[in-house]
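The chains carry the letters A, B, C and D, assigned in the order they are written, with residues numbered from 1 in each.
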């Protein structure tokens, strides 16, 4: 039978892991999801799944083209690539049973991080041969598992066994950096959602633990800054340059020194710092990425405003030009009590679940926040759940991995919740 | 005639320009020089031309391997590549006439810069089709012309017409960054040099001008610094990271602020600033290249010592590790009056030369300084000459070019000098 | 009757306000308290009230001597000045009734701030003629009112009317900067305290509001830093100096940039920045005061450790010497529920009290923390109460004032509580 | 005889040393000079000696008043204090012989530095009892000796013995900081000067050495900067302050990092750094003094412009206000060959002079530059001479002193020169 060849969700996860694709480049991933669901679900791909005009932090055209080529070479179906038309992400919808039940949305994110993966033998993906084959791309945050759970759920839900409503699966691209959540929220797919479930594997919880509601992620704004000055020979004409590196260093020192805020936690960090000038030339260009966060949207705005002022004046101080552009953004949320109670009840009955936590602070940032906000604005109920997955190394590190037992637990928890709604 | 196929020195210069190779990667260039001279001169290649243990700022092995492959693909003779054995540079020697005359050394540098070239039509190399075909490599300092002049001199000198001594041609690799001069000086080739000529095209002088002695280049030291900290998630665990970017920014701010010195000019600059961490991770690594200069070797040491102290303490301040390594170094010189007078006399009689300057301050830095120092220590006389070459854009910029009329002038000036010695 | 001449607590407050004395200089204040209480209470002055060896941030001997002289000139009783022997502060104890009741401690602080006071007519103390007569000293935090309440309480408590225990009044010096709390806690006076009450006026609460327990003040550490370098003439010998100002500026920039902490709020600030060198001399000395805080003692230690590291490396970076010394320190506390409930009950019945809050976060820092900690370690119950006092301008500003109606409310609340215990 | 009581120039120097007065406060000094010269010379005091509107860096009115009171208390003649009317400095003129000779100007500066003096016994002024009696004022640059030489010259020059011209003595106030030279140059006293002599003791030259012309002092500009922000409590409201100390530290770091200039020496330094806020209040005010120098007036302008830009943007970066004001300024000069030759000749014949240097670079800055510039613009000849004076400790240090043997040498050299003109 054809089904005999159907990969398990663990196999799917490993396939995705081996072919990690970073934000807005998840062409093979999207095509794989599409081919899994096409028989049963109505599919919305690319620009039909996300609002193209709202995308943030989109890579350059040639990078996108290279990513499409790679996906094609690695087996992505040309028909799906055509339908995507350069934009990743997918929404899949299906009515089950008599359709009298609620409309339930489930969101999983599908992108990898820009980093390389450990190759040592005590790292399971390396040992078992499914470490990322793509340079500078690694599923180091578990989104490969999220995607596999989403596909497992699609297989598991079945109208005959208790769910008579409509299921909408949101396979969101570009979560890293907070780039894909907002554009996916700016579509009509969320308008009729009554219950909205999103989830994350791991986050420090062991396999067997379920968190019914991660609350209060930090709001987040990411800004790219480019300093452009004037080159000159550092030996002959040191005074004739306009030094982009000096401006950048001044900005960095002062960005980290933005005053703490009385109203709550704030964050600031800088990455992707680059200035290519040889050391004998005054730097004509320097670029970096700035990230601010706040416990509330207001605190995030406080940090964002201060960062913009510092960037601007650091540039002016060294007589260089500054260009800033938004790279990504997230907001915050609190799970709805009306949904959390059913989640707890459903989780408790799942085999392998031995610890159910009602609410837990999120800590980081998450652009599911935009989807949750949209659902809640429309009167729907939403939560962001945690599925424990033991792993000794932290998220985003080279040796991050997930306990694959958590995948089926995740599928079962979701299935149980949805059937109970 | 057979000679009809021999390329002109302008054609050689254009060929080198189109196949620009940066420091320690000049495999095609060295092979081309070797094939030009092999019939007439005794050749010393690679490790026989430079002292391998004294090399500074050598690229990683895989970069060298890639450069050799490219040279092979672009026509470099396999026999010469074999003899180089991974090290570029060449010394060519020949005795002329009865050998009773002096031993004369002529040094030209052969490397390109790490930068891309302008592609607009008002840039002659682009318009005429000989712009660099190699990404991030460009002859933006005229060393292509220097090499061509060296080869033109080899053709022009002829024992029947006045020179009865020994000519040693030093085709020095990796001048940019001051990486090849010292290792070439640490060989025995310079031991018996009585007169030593080195030269540079351009340097702000128009075609027709000859400077008999550029004096007092700034001493220079280049240091690579790597800051290594500890990554952590900037939202969840901002305090657990050890931030390499903060350390680097602190270093940069304080490096530029090293006190000026009462005894003369000093310089400081920073380039190649890179930290690859995504903006949501505290930076675990940051690297940069530092360059200091001083009007004297002592002033250079003052700057070098202060820079090392600042780097070290900036790292310690942010609890990150620091590794520094030398990248390049130059010293200073003053031309010998005994050689400058003959240079002036010889230059004045060359067709096209309308302005001879005796001495001029050099301004920048130059690792011919090590060869000159070695010659002078052994009792030889040396000078560093300028051959004017009109060009509207500055050295090291994307639109740098040289007036090709200066090439033949350079050959003729050298030839005249050598015959007069 | 003699009592007809007894000043009201408002008059006492105004007298203290007019003669504001900063930390460790409260000689006139201590003498005034002593003379008020001497008939009824047993008095412990100076080194008998605080542990001399534990004092922090003590001014220089000549400043102390000047302060004593001023107190003498302004009417402080010579006998009390003698007993103080250069150290301020006072503990007053008295047994009431049959002594069968509990031992209750009440702590008020008595020092002023180092700042000048507004002189405009819309500032009540200026208009009514009781603004501070002392340059650079002002009761801008309400401790004059605290002292007056303490004295009012001493008058009000009376064994015939319900209190049969022992009352210990702690008039603590040098609260500003967190310098007097620890040395007062390191005496035996607190050993037998069963209930401990401390209080603050204002803190943003209107007159009529009582806060039963201010909780979780920030732990705080203050460090004085002196950078000592080498002077040299900035024109002739800029390289020969070792620049204390450069070191200090580097430290300041990096201190404000200490990473935020995942576990809670932290603070950093710098004041009293001074470098006296003329602008044509490289600075040989620079000094400043650093303050760190943390929501917990652990967070405070995190900040303190980071600050010490930054100070040290900033000095080393510029080759200058660093001396640091502790200036003040506070810890944190949470009020005991067993005491808070009686406080609430007692406060509710006081005339003029219309709003009783059980617990409120403290926000700032407070060295009553050491006394509270000591009481709680010994099994006693403690709280830090708020007595609302309307005032339009913030604490520590030039126009700070308190609504004097709050003074009697404070006395009545304390009296009610103590009688109820 | 009355003359038996006349103090020697060494005694005058010691009297001035003991009563050191800093710039624009030289009331006792000016009165002493006036009383010495009144019988023989026509005197122009205060606003008749300097242009009041051109004064820079004038202390506050109350400081001036205090200085006048002190001068009065220390014996300054009331009549001269009246004539000064709050402004120091003096020009004394006299025609000698038949007046047929040239008009010669001699300028000496009269002010002390703002610093305290060493009190140890190996410091001669302390040991001999003539160390400065004024706190924070010390003749640490030898201007006491300059003034004494000026007065000695007045005594020595005598029409019967060879000088038949007009002598104008310029006793210039406020040289430190470059505040008095410009206003003295903006008067008509210099209009008819044919020969202009100015001088400095010491400067590293031993007693017996005379430098005929110190050339090329650095141009200099001094700027006072005040940053004004908004205070707030550093614990409660860290985000509500606008931090003047952060702005100042950012400025300091970047000021020292102004790029070196290809055209010659530049200098930057910062002094008088003060922010009075207690460490628990975000700093509302910070002030400092900035000094820049350049080998040429153009280089000085380059530094001045860069400093102003950095100050402005550092303030804007931290949202604080900036006020800058000029404090002092000097320009540069080269001595006239026509005067230097006679100076050399005259110096060689003086007893005790054993080494005459024609020209020497000045190194520091000097506001005699404005007077020299004015003389040279009018066609006069000028020089700035050095009179060697052995002293083991550097100018401006606490232990600076001068070999008093140099005083008479200075008088004799000047006298010889003037007679020879």
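FYI, a residue touches a chain if its C-beta (ideal position, glycine included) is under 8 Å from a C-beta of that chain, and two chains touch if they have at least 3 such contacts.
None of these values were measured; they are calculated from a predicted model.
Looking at A-C alongside C-D, one finds more C-beta pairs in contact between the chains of C-D. A centroid comparison over C-alpha atoms places C as the chain most distant from chain B.
Chain C and chain D have CA centres that are 48 Å apart. Touching of two or more other chains is recorded for residues 236, 238, 243, 246, 250, 253-254, 256-257, 259-260, 262, 267-268, 282, 363 of chain A.
For chain C in complex with chain D, the touching residues are 113-115, 176-177, 218, 220, 222, 231-236, 238, 243, 245-246, 248-250, 252-253, 256, 267-283, 286, 289-291, 293, 327, 363-365, 394-397. Those residues of chain B that touch chain D in the shared complex are 253-254, 256-257, 259-260, 262, 265-268, 363. Across the complex, chain A is touched by residues 236-241, 243, 246, 250, 253-254, 257, 259-263, 282, 302, 309-310, 313-314, 316-319 of chain D.
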